[in-house]
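Pasting a structure below so you can have a look.
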């Protein structure tokens, strides 16, 4: 079982990365959330394979938690929030599909360059997971900067969260469980709060485009 | 001859001769212009009649109007007492510091201006504004002249300057510039020809006359007498600065007992001064008031030249 | 009086001021008591400091307070003179304020006004007494902020704008002084002036130059030196009159005290060029101040500009002192600084008197513009008499005190012209001589215009017509100040010795005509008392002669001669007309633009038309100095505000850009 | 023991105030009760440590040293003041039917959670718990920012949660890096992220990783503090929340985040063996944070946004003072105390003005002084306090700051002084316009409200209390004992002996 997992681990890593890369050019809400779900699932499996590899007991609940919360609960929560508020399926972005894809790829290259400078690249448990985490986080950032609607900002933030979870996996493999649960619950609460607010913005302003959210200037 | 006696003689002599100087100037001007002209001692008669005439005071004037003639006259008398006109080394000669003299002159002009303003008429206002402009813009030139003399003679009092002044003129020719500047200043201060026309009542040209327009009776007499005093003081001062000490008429000769000579000398200086003034007044025309800036800066530049030359030669 | 009693008196004066501030807060009922208390404490302070100076103790330890890290308040001869000015003027101003504030219809909030006045006086007294940096700065800020609130006491938009302008300048000035202190202290944060003096000896030349310019800006902006003066003619006229008297008369002197304290006691000898800088600024202030005082038409702005002119003369004297010290002319240094302090005292007296008189006139006529005054001498003989004496002293004319201040300075200048120094020094002294003389000549013009247009001739408005003599409690301080100036005229040498020139005043109570060099002073010894009596004697003589020679007592009152055309007040010369020649002669400096609008009376006939002259007295410094700076700040602000554009994407980009830039730079 | 009791009280009250059985009036009373109970407990634990009688007390994951004691007591003080002012503020709003009962309950629940989160962050010893606390404060305050759910409040809340969560996520990355450095450095698994153990074993942490970690933490948590390039959420959030809450936000939340960064600075300095490297950050961001608000305040016609920008400027001053050198911590401590007191008083005053005229724009306000003299005078005194006039704590702190600054970084201190002058001019200009110059087009309040003399409300009492404290602290810090107190607090957080 371990051997198969050892083989599958790079597969999970690749799925985890490409889910976020592909998310950039998709402008339909449902497919965006589906991509997010599979990237979280890939992350969960990755954690599971790490748990098996290092046989550190407390990673298993973490993998399960990620799978359940980030894989299922959050996408469900977001889809019903979007459906209830009646937001349009089509999401706006300041870049069309192809250019945003190229930008993301460029970002990946930059991260590859950045890795050499990282002081602790060598000592990380697995160098490739480190690269993964920073790449996904970077993609999340780009999504927040380039997209012009409320929901994709949130999804961008979620991708950053995934990246950081992977990063914690790469650096300190083990965090006391209580703290881990606390961080997890806070992230969940933050996302639900964002969903609620996006729903209210959609209701009050009628559109989910952030252009309407521009009056607060000096 | 005790210094106190010198001061008394000087006071009596100059106070007495003041109206005569004005008379002489008018007489010489008439003669030069081919007119017969009034007798030189006519001002005495005029002052006497004015003193007895009834005074007409405008309702809009205040107590300042009544105070002005007394202060203007007082400043004239004060100058006569402290300046070395007839003789140097008199009792009060220590107070003839050039800044004090300039200050008292300015005080006299200021009060005359206030008198002009109090009469609440456009003539008084115009005269006062012009007189004040001239009086204040002439100050730098006055300082330059007396600074030059002070540096040349080593004395800050005009009495000291006069004592060494005559000889100094020959030693430092630069003082000639200061002397010319002093002449220009005297013309400006006494409202004589290029600056102001003393004989006219045309509002555009009169400066001094406009201020005294509202005065009548004894007050007018006092103001007229004060301007006569100021003219005499300036003429005698100019003469003392130019006459070289070796000549008999120089006031310092008084100590050598040549009393008669000095008295005659003073009268001759007045005669010569008023003749030269009349000659000047008949030969040139009055300058437009708004060109006064050039006249006053000319006076200042000449005085400054005098000072710088004495300093650096 | 032994030192313990004197220090107790000074402490009592401070405590009285604080108590007056507290009492004033009780409300309108406590108005009289607060002012009487303030007057009393001011008087006690003045008397104690004069007694201290007369007995010429070295230093008087007042109190050492654990606050401000164990700070001592001390009084030495130098600060005692200024403490006396503060005490005297604040005493007179609070007596004046008793009637003035109640009757003024400006709608003051009386309780806060009185409290702020008391705190303002406390701030000034504190600055003079404190000998350590933190105490000096604390009281300096207290003085600035209370005077800021006093300028906007009537809460009108104009006074708020002026107060804000004043706030900007004082805030920058205070920052400059604080920085100057710290650069001088070289490390010790809580130094007192003695340690500052020692550490100043060793600091490098560029740091010394920086401190000098910081102090020059800090104290210069508070005193109203030219490039930093633009706030003064805006702020002083807006304040209530007794406050502008305090500000002009005394606060400017506290700034001069600060500057002198730095120049004399802290900064070691400076090269000659620094003296030239002070002279340059001083002369510019004197001439520009006098020029604007001549052409201004608002009575309090004339006085504000005349303050700038006098401050310019004081700074010129200090500059000449510094320049003389650098060029080894010890005699000129001593007399110049002496003349500066003497002029501070005389300016404090006549300027506060003039502002109080102006306040009374504005209160009576309801307007500040000279164009609508006139005829007040007839209606207010007492006030106009004192006003005349004050105006003549402000013009530095002979019989009164201030003349002798200027006399000492110019006399020493002329004497040192002959000194065998190199050409440049003589050139500078000649330039200073004539610039100061021109400034004081223009000052004479301004003061004559002020007195003449305000009080003489026919009243130009109904309010001036119905003006009536102000109440005795407002007149008394002004009359007292006029008497003081006359006293100064007679006992000038006593004041000179009081001010510190004890060895200079020769035995026979003559004015110091010390032998600087070159010109022998013997013949130029002047006894002011004799001059005063001489003038009075001549006046008496003339009065006697007039009585003797003219028996005509008959007088007939009639209207002014009008060559047939009935004249009224509108035909009288106004302030603008009176100053027209000077405005014309100095137009290249003043840049005043007057536009004449001609409206034809009858449409068909273009020749007969009603002309209106619009004269705007734009201040050169404001147009080319202050407004451009303000505009650039606002333009920068409008550029910077675009950072808050409202788009979330931009904000997120900001965070990551900041992260990336810090990563790149830091690692 | 007291701490756990304080936390229990802070957790229990939200539950009670949410239950419908408790009437709304009681909720407000309950709020004040809870605040005072929590204050009592925290102060009993904090004061002995503050006054130096007890050395540091580490109770498991809580850690009470002088600095955290000072911050905790400031938190609880502002929390108590806000609870009292909220009674008046919400009472008035409820009376005018502006808020529903449900909103009042939500307000109180979130306020207690907000205070609880801040206390956790201030007193926590474990980095994960600190991160948890910071994120909890963001979430609690988001509901409060979106309290009025209309005209911009929603936009402000949405931007607030988005930007702050992203920022704190970066902070988490930094924390993980520190954990990694600890792991590499050979610490036991159990106490990777405990601050005191990290300080003890700092030498074994590899400098390179700690540098990266510090950059991430500085920029991440710096977003919460509001340093300039990261400040964009602050003016919107602080001007849209109900005023008592923005008093807590501006007054104390920014300080809590700043102290968290100071803790990291301590650890990093020990790891790097010198303080210069970290001080460069504080210096650069400090100067930026003083200059930008300086310019914007010149043209800021909304008085609540003006106060928000003034908070950014004061955080910049704090950073600049820390950036001057180890000695710079002493004025920073004084400045923190002064700013908390003055800024919360100002926001309470702004609340009073908002209650009466319902607008924050200067162009629609009549002259406040004529209609509400009490609020105007207290607001003016608070403005003078914040502009460091003599007598306020900020005068003492800015005096010392400039003193250190001149000798170490002359040019940057001059720039900061110019920035301060800009701020002083901008704020004074708009305060005077607010208080004395009524805008011509001012929407007049109905005469009924106009004629009645302004009553002395709870807010005025709280403001007066805070100004008195400000003055007292101002005098205290000028005394030698005050300076010693500030040095002791600064020593506890500094890595170098002061």
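Lettered A, B, C and D in written order, each chain numbered from 1.
As a working rule, contacts are C-beta pairs under 8 Å (C-beta built on N, C-alpha and C of every residue); 3 or more make two chains touch, one makes a residue touch a chain.
Since we're looking at a predicted model, the values are computed, not measured.
**Student:** With contacts defined as at the top, give the pair, B-C or A-C, that has more of them.
**Tutor:** The comparison resolves to B-C.
**Student:** Measure off the straight-line distance from the CA centroid of subunit B to the CA centroid of subunit C, and report it in whole Å.
**Tutor:** Taking the average C-alpha coordinate of subunit B and of subunit C, the gap between them is 36 Å.
**Student:** Any idea how many Å lie between the Cα centroids of subunit A and subunit B?
**Tutor:** 102
**Student:** Report, in whole Å, the distance between the mean C-alpha point of subunit B and the mean C-alpha point of subunit D.
**Tutor:** Each chain's C-alpha centroid was found; their separation is 80 Å.
**Student:** What is the distance, in whole Å, between the centres of subunit A and subunit C, each centre taken as the mean of its C-alpha atoms?
**Tutor:** 71
**Student:** Give the residues of subunit A that touch two or more other chains, as numbers and ranges in rising order.
**Tutor:** In subunit A, the residues touching two or more other chains are 144, 153, 213, 215-216, 218.
**Student:** Multi-chain contacts in subunit D: which residues touch at least two other chains?
**Tutor:** Only 158-159, 162, 166, 211-212, 235, 296, 299 qualify.
**Student:** Among the residues of subunit C, pick out those that touch two or more other chains and give their numbers.
**Tutor:** Subunit C, residues with two or more chain partners: 641, 644, 648, 652, 667.
**Student:** Under the stated touch criterion, can you name all the chain pairs that qualify?
**Tutor:** A-C, A-D, B-C, C-D
**Student:** Using the touch rule from the top, collect the residues of subunit C that touch subunit D in their complex.
**Tutor:** Touching subunit D: residues 66-70, 134, 137-139, 141-142, 145, 152, 155, 157, 160, 163-164, 167-168, 171-172, 175, 178-179, 182-183, 185-187, 189-190, 633-634, 636-638, 640-641, 643-644, 648, 650-652, 654-655, 657-659, 662-663, 666-667 of subunit C.
**Student:** Would you pull the subunit D residues touching subunit C in the complex into a rising list?
**Tutor:** Result: residues 158-159, 162-163, 166-167, 170, 211-212, 215-216, 218-219, 222-223, 229-230, 232-233, 235, 277, 280-281, 292, 295-296, 298-299, 367, 369, 384, 389-391, 395, 399-400, 402-404, 406-407, 410, 413-414, 417-418, 420-422, 424-425, 428-429, 432-433, 436-437, 475, 478-480, 483 of subunit D touch subunit C.
**Student:** Which of the residues in subunit D come into contact with subunit A in the complex?
**Tutor:** Result: residues 126, 128-129, 131-132, 135-136, 138-139, 142-143, 146, 149-150, 152, 154-159, 161-162, 165-166, 169, 172-173, 176-177, 179-184, 189-190, 192-193, 206, 208-209, 211-212, 235-236, 240, 296, 299-300, 305 of subunit D touch subunit A.
**Student:** Which positions of subunit A touch subunit C when the two form their complex?
**Tutor:** The contact residues of subunit A facing subunit C are 94, 117, 141, 144-148, 153, 210, 213-218.
**Student:** Residue numbers of subunit B touching subunit C in their complex, please.
**Tutor:** So the residues of subunit B in touch with subunit C come to 51-64, 70-71, 73-75, 77-78, 81-82, 92-95, 97, 99-100, 103-104, 106-107, 110, 113-114, 117-122, 124-126, 128-130, 132-133, 135-137, 139-140, 143-144, 147, 150-151, 154-157, 159-160, 213-214, 217-218, 221-222, 289-290, 292-293, 300, 304, 307-308, 311-312.
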